[in-house]
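Next up: some structures, all given as structure tokens.
One chain, subunit A, appears in both complexes that follow, with subunit B as partner in the first and subunit C in the second.
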Partner chain A sequence: MSESGLIEQERYTCAIGALQSVVAIPRALPILHSGPGCGSMVLGFYERATGYAGGYTTPCTNFSEAEVVFGGVERLHSIIDNSYKVIKSDLQVVLTGCTADIVGDDVASVVGEFTERGRPLVHVETAGFKHNNYVAHSNVVNAIIDQYVDGFVLDYLPRSDRKLVNVFASLPYQDPFWKGNLREYKRLLEALGLEVNILFGPQSDGVTEWQSIPAANFNILISPWYGLPVVERLEEKYGQPWYQFPYLPIGANETRRFLEGVLAFADSLDGEQAVGLDAVRAKAFIEREEHAFYEEIDNLATFLLEFRYGLPNHVHVLHDAGYVLGLARFLLHEVGIVPKEQFIVDNTPEQHQEHVRSLLAATSEKREIPVRFDPDAGAAQDVLRNVKHRGRGLIVGSGWDKELAREKGCDFLLAAAPCPYRLVMTTNYVGLSGGLRVIEDIYATVLASYA
Partner chain B sequence: MSKQLKQIAIYGKGGIGKSTTTSNLSAALADMGYRVMQFGCDPKADSTNTLRDGTYIPTVLDLLREKKQVDAHEAIFTGYNSIYCVEAGGPAPGVGCAGRGIITAVQLLKQQRIFEELDLDYVIYDVLGDVVCGGFAVPIREGIAQHVFTVSSADFMAIYAANNLFKGIQKYSNAGGALLGGVIANSISHPFQREIIDDFVCRTKTQVMQYVPRSITVTQSELSGKTTIEGAPESEQAAVYRELARRIDEHTDSKTPAPLGPEQLKNWAASWADQLVAIEIGEVRGEKEAI
Partner chain C sequence: MSNINLSVPAVAVREIRLNTITGFAGNASELVQQSCSGGLGERRRSFTQCLGCSTSNAACKVVLVQDGVVISHGPVGCSACLHEFAFTYRVNAPLRGIEKPTPRHVYSTNLTEDETVFGGNEKLAATIREVFERDHPAVIFIITTCASGIIGDDVEGIADEAAEELGVPVVAIFCEGFRSKVWTSGFDASYHAIARKLINPSRFEHDPATGTSKRVTRPLVNVVNFWGSDIFNPWFERFGVRANYLTPYATLESLRYSSEALASVQVCLTLGSYLGGALESEFGVPTLRAAPPYGVPATERWLRALGALLEKPEVAEQIIEEERAASLPRIAELRSQLQGTTAYVTAGAGHGHALLALLGELGIQAVGAALFHHDPLNDFDAPEADQLAARVGDYGDVPNISICNKQEFELVNVLNRVSPDLLLARHGGMTLWGAKLGIPSLLIGDEQWGMGFEGVVKYGESILEVLENDEFVTNLAKHAINPYTQWWLSQEPYRFLEVE
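Here is the complex of A and B:
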């Protein structure tokens, strides 16, 4: 961050951007108790972010001067009331913006009036002056757990389903590949013999899946830091232990490491909580996946030989901590592109930076990978402008890095928000298939540069 | 030559006698022939009651609550000797943001150029004095009031509040904000109270505009919904208020105060506490040691 405290090119939104986590739950309705600009800001930042009830569908109190002076609870009450009349939804989440939280509107009591009547309504403070959306995502999930899921705990007794797991991984929409990634996690984990609550996106069963969260035997967190408060809360509430894989498992090596980690964790639970996975079946699955993966890598050999001097040999990634760690490992060990300066732009809290740093350092015994934690991606670009490495470079980042790549004559892979120059629908970057897709995307841009 | 509108803000801790002092000041200035507006900037909206026989008036924010576009004239009511009375009003206690309410109300009158239109000589803002947030500082910002007077008794809590206000004035003084005219010492009945106030103004580089004694006449007038000027014009207390009005009318140069720092204020209060104990036990202090 600059000395002035100003930052340029923030690659995330303020806390209220976590409304996209609600949008990502099938048939859930976010209700904004905020100024009219907040929703537009979020909609403008992410691509195709409308979902079921996001974007211009999202009800908003349009908090303005009268609400500031007199408080906005009456208006909130009527917006909630009217929302029920015009849009069907299974779960509603009121997200408050800065003004409502400064003024101190008693949102809980308004929401209480509706929940007493049996409405599945939740509220959460998402004042932008408090957090960014990486942090607020956990607050939203925890609010739903505390205020909604908890009401079903008698139907779904804690840890009553030994094979069931809850997965907390990609931040919906902030991760441009969130839908594909969550689908891939679900597929991989189910293949190990687990049942999976994936919770967000089209692979989720919506509220019925959320209701069963307490029944899960354990939780899986795939993230270096964001989402951590969720698994901690669940451990506290329902006694669920959790397994953390601290970055995105991309490619064969890391996916195997991830799946074996899950298997070992499941294996460590015993007595009544023993998961009872079929280890032979799980191992066979991993091998079959790897076989398919390496067949493609084999087929690449001729291409790589032919193009060896015209392919990128080093990479800079500007992304969140989970991606930087995952891509650095995959690109170094499985693609042969050496990670040079890396930029973690998610505003990683200081207490987690050391861990992330050590994970990155563990990527290679032979090379040190320089890393900079800075939410100021503009400053990161300035650093990049001044570094020079031999050979063809690759920049993996957001749409805002496209010009920089052009300036530096680097190949460019758009893989972070904001993501305006790329259409992503169901693509996944995690798992073995995700690794192959990363390779496809990198070399497609390289090949496109040949006349 | 067009006449110069004089805008004054009167601050002070809640319950210290701000509205009483302000209303009597307005009444005395009106009696001197000036065209005066009193603008209550307290969500309780009772600043102008004694100018209007103890009645409440609809507030600017009451009107804003009902409709988006408000004509400021709807919030202006006349009281004793044609004084224009306005109350900013505010939300119900514990709801919304009273500070923003004050800003909104003051801006509304300013934008609609009411002061010029009514050809006023004086606008007197009566402001809740703890200056808890930016909203309550608005009369001393943005070139609204030129002079600030603070009402304080000799009680330490009132002086703390005055000292806080001085900090606010000091903060905005470089940005064209209002400056401090002086302290209106209220409820001064004993010589030591006068000494405390005198000592405080000396240390903070300001002055006392008037010493106002505690008086049953004020209470009697207020109970009948009137200012002392209106209810007991011949009383000594009315003369005190008239003298205050005369001094404020003649006052031209306000200054940046020198508020005490937290440690200074603590030490200052502690030294006075010792002296008060000495007075209470009858210890005599003079050039020689006590007998």
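Here is the complex of A and C:
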């Protein structure tokens, strides 16, 4: 970290950026009780991120001097009330910004007036000075669980559906591949015989799916640290145990490890909670997927080994901890690109850094991969400017890193927010198909550099 | 009477300085008339959606200063969208002949809860030092945020101390989002700070011809603009002057000597009013008194005013004659092709007026407009530069003018009702609803592109193309997702606009 605590070229946004987690729930409506610019800042960071009711559709109290001086609860009341008249939605989440929190508005009592009348309205504190969006995502999810989902617990008794799991993984929009990644997790887990609440994106059934969260037998967390408070809360509330896979499973090795981990965990539940998966069918699925994957690598190996005009031999990733770990493992073992200095820019809390370090160290028995935890990506770039390795380099990062890659003569893969130089819709990077897509994307840029 | 006061750190927001409003519904002529009579009152809305932010508008004027760096003094989210300006700087650099565009440096002081309790002054001071060590920039700009404003940090004091210590200008720009519903106040905030801290005082020399002292000048005309194409130099060369583009792609040096230009022009009064006004009232650089050159009559008035100001009226006449000959026949053709077409406009104030003028010139019937705010006054006290009045005078009145700061719900309601043949927009996010309703929609981001005689032709041709290629919007309309209730779409569009 820099001495002053400054951040150059931020790769995430503040707590109110978690409004995108609401945008990602089908037919959910965020309502901002914040300064006028918070919504457009978030939209500008992610770009093409309006969804159902984000961007300029999102109602906002637009704090002015008057609300700063006299408080903004009346204004909030009127905006919520009229939101119901103007916009169709199944769930509404009030997110408060710095202004409302510094002024100290009693948002809970305004919201209470509407929930008493049966409105599905939730509120959550997302002052930008308190957290970044990685942390706030869990706060938003937990607020919805506490204030909304909990009301349906008699319809969905805790752990009443033995094959059902809740998945907490990609942060919507912060992970540029979130839609595709969540779709792939759902597909893979369903192939094992599980039923999946994926909760965000087009594969989710929206509020009805959220209502059934308590019924799940267990939870799956695919993340090194963000999202952890959600599975902890669910364990406390509904007694659901959780299985954690601490990085993105990209490619065949890690997807197998992930799916076998889920199977073993499911298998460990017994008695009334026994999941009862068909292990033979599940293993056959993994074998088949893996076979298809290695058929491609087999085809590709000649190119990787023989292409005489130059391919990258080493990689630097500037991303969140989940991606750095997942990509380092995948690129080393399944593509043959050696991870050199890695940069984790998600502000990983100190108590989780040691675990992330040990996972990165376990990537290889024979090499050490240096890693730097620092949200100040400008400083990371200064480090990169001064490192030299033999051969052609690859940088995987955000739009900010494109100019650095050019400066260093490296190949460049845009895979992190903000990503103004790339369009991503429903591409996935996780799973076996995701691994193949990463390979396609890397060598598409490499080959595009010729002629 | 000028409202410009460079002795205070923060600029007065537009609501106070120019009586700016963000709520109105009526005809263009009523808006013009009420602006002149001072009878225009603000109307609030009891339902609102997200607005823009002064801090990002302030930022766009300084992130693109070539040898500067920008520090956002606030939580990390308050600079989240500024990467877009790094993209813009890089992509548009060739338009300004920048051979080696350099990486943009955007910092956040990353204010956290501690600082909201104990103050962020120390963190800001430490950040400035660290930024200086890292980049050694020619100038450091600090933009403020809601959080730093409410906790009351002494940003001006810290900036001044740092400037003394480091020996480079450190410029505090006060642009907290909550201060104004008119996010273009952010432009004014940056200009105010630049005028206070960077622009050189005018120099005077003895003029032996008249025996009096006169302002030292260079053969330059300041152009207050964004980052659009360089359409000015081909005109200016004929007058023997060059464009000094302010403030994107400027350097510390070119900002400093803007006080030595012969004159200033603006691409848009919304954008440039304050800097034009400050250069005139505080540094003696006259601002051109004509609405920007959109449409034939406005272009001719503008060129003549420029000729008069630069004391070369004959050059203006030559240009007008040549360009008339080159473009008028094509404009007449376009007009007959576009006859009977209706269009709705959504844009910021100044550029919205420009688009309405272009529609008038092309014979397209403007059936309404949603303009983000309205400034009844400008900062150099020149009613003759009023673009909307010029539009009404040149081409007639426009019905259904709504002053509406990007309130999408109102726009959707109006578009659904008016159902124009074309939507002409200027700001991101606004064309979506045209397309969703199956209305061919055109957004030209480059505000210089539509200027002059040639600009009319280019707009006409693009409009024909958009009207012709409507398959995409026709198909999208069949599948569009609409979050708005049927109830709302059947209401009168200004239902939530309160009567004062």
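We take it that the second predicted complex is superposed on the first by the 447 of 451 C-alpha atoms of A that agree within 3 Å, B and C clash if a C-alpha of one lies under 4 Å from a C-alpha of the other, contacts with A are read in each partner's own complex, and residues count from 1 in each chain.
Please note the rule applied: a residue touches a chain if its C-beta (ideal position, glycine included) is under 8 Å from a C-beta of that chain, and two chains touch if they have at least 3 such contacts.
On a predicted model such as this, the values are computed, not experimentally measured, just so you know.
Superposition model on subunit A: subunit B and subunit C are shown accommodated side by side without a clash. In the superposition on chain A, no contact is made by A:Pro312 with either subunit B or subunit C.
Taking subunit A as the reference chain, the count of touched residues is higher for C when subunit B and subunit C are set side by side.
The three-chain arrangement built by superposing both structures on chain A places subunit B and subunit C 60° apart around the Cα centre of subunit A, to the nearest 10. Once chain A of one complex is fitted onto chain A of the other, the partner contacts of A:Ile102 extend to both subunit B and subunit C.
Of the two partner chains placed by superposition, only subunit B is touched by A:Gly71; subunit C is not.
Closest approach of subunit B to subunit C, taken over C-alpha atoms in the A-based superposition, is 7 Å. Overlap of the subunit B and subunit C interfaces on subunit A comprises residues 65, 67-68, 102-103.
Residues 46-56, 71, 74-84, 86-87, 90, 103, 105-113, 115-116, 123, 126-127, 129-131, 134, 145-147, 150-151, 176-181, 183, 406, 408-409, 429-430, 432, 481, 483-485, 487-488, 496 of subunit C are the ones that touch subunit A when the two sit in their complex. Within the complex formed with subunit A, the residues of subunit B that make contact are 61, 64-65, 68, 90-92, 95-98, 100-101, 104. Put simply, subunit A touches subunit C in their complex at residues 2-10, 12-17, 29, 32, 35-45, 47, 50, 52-53, 55-65, 67-68, 78-79, 82-83, 85-89, 97-99, 102-103, 127-130, 132-133, 375, 378-379, 382, 399-400, 403-404, 418, 420-421.
By the touch criterion stated above, subunit A contacts subunit B in their complex at residues 65-73, 102-103, 105-106.
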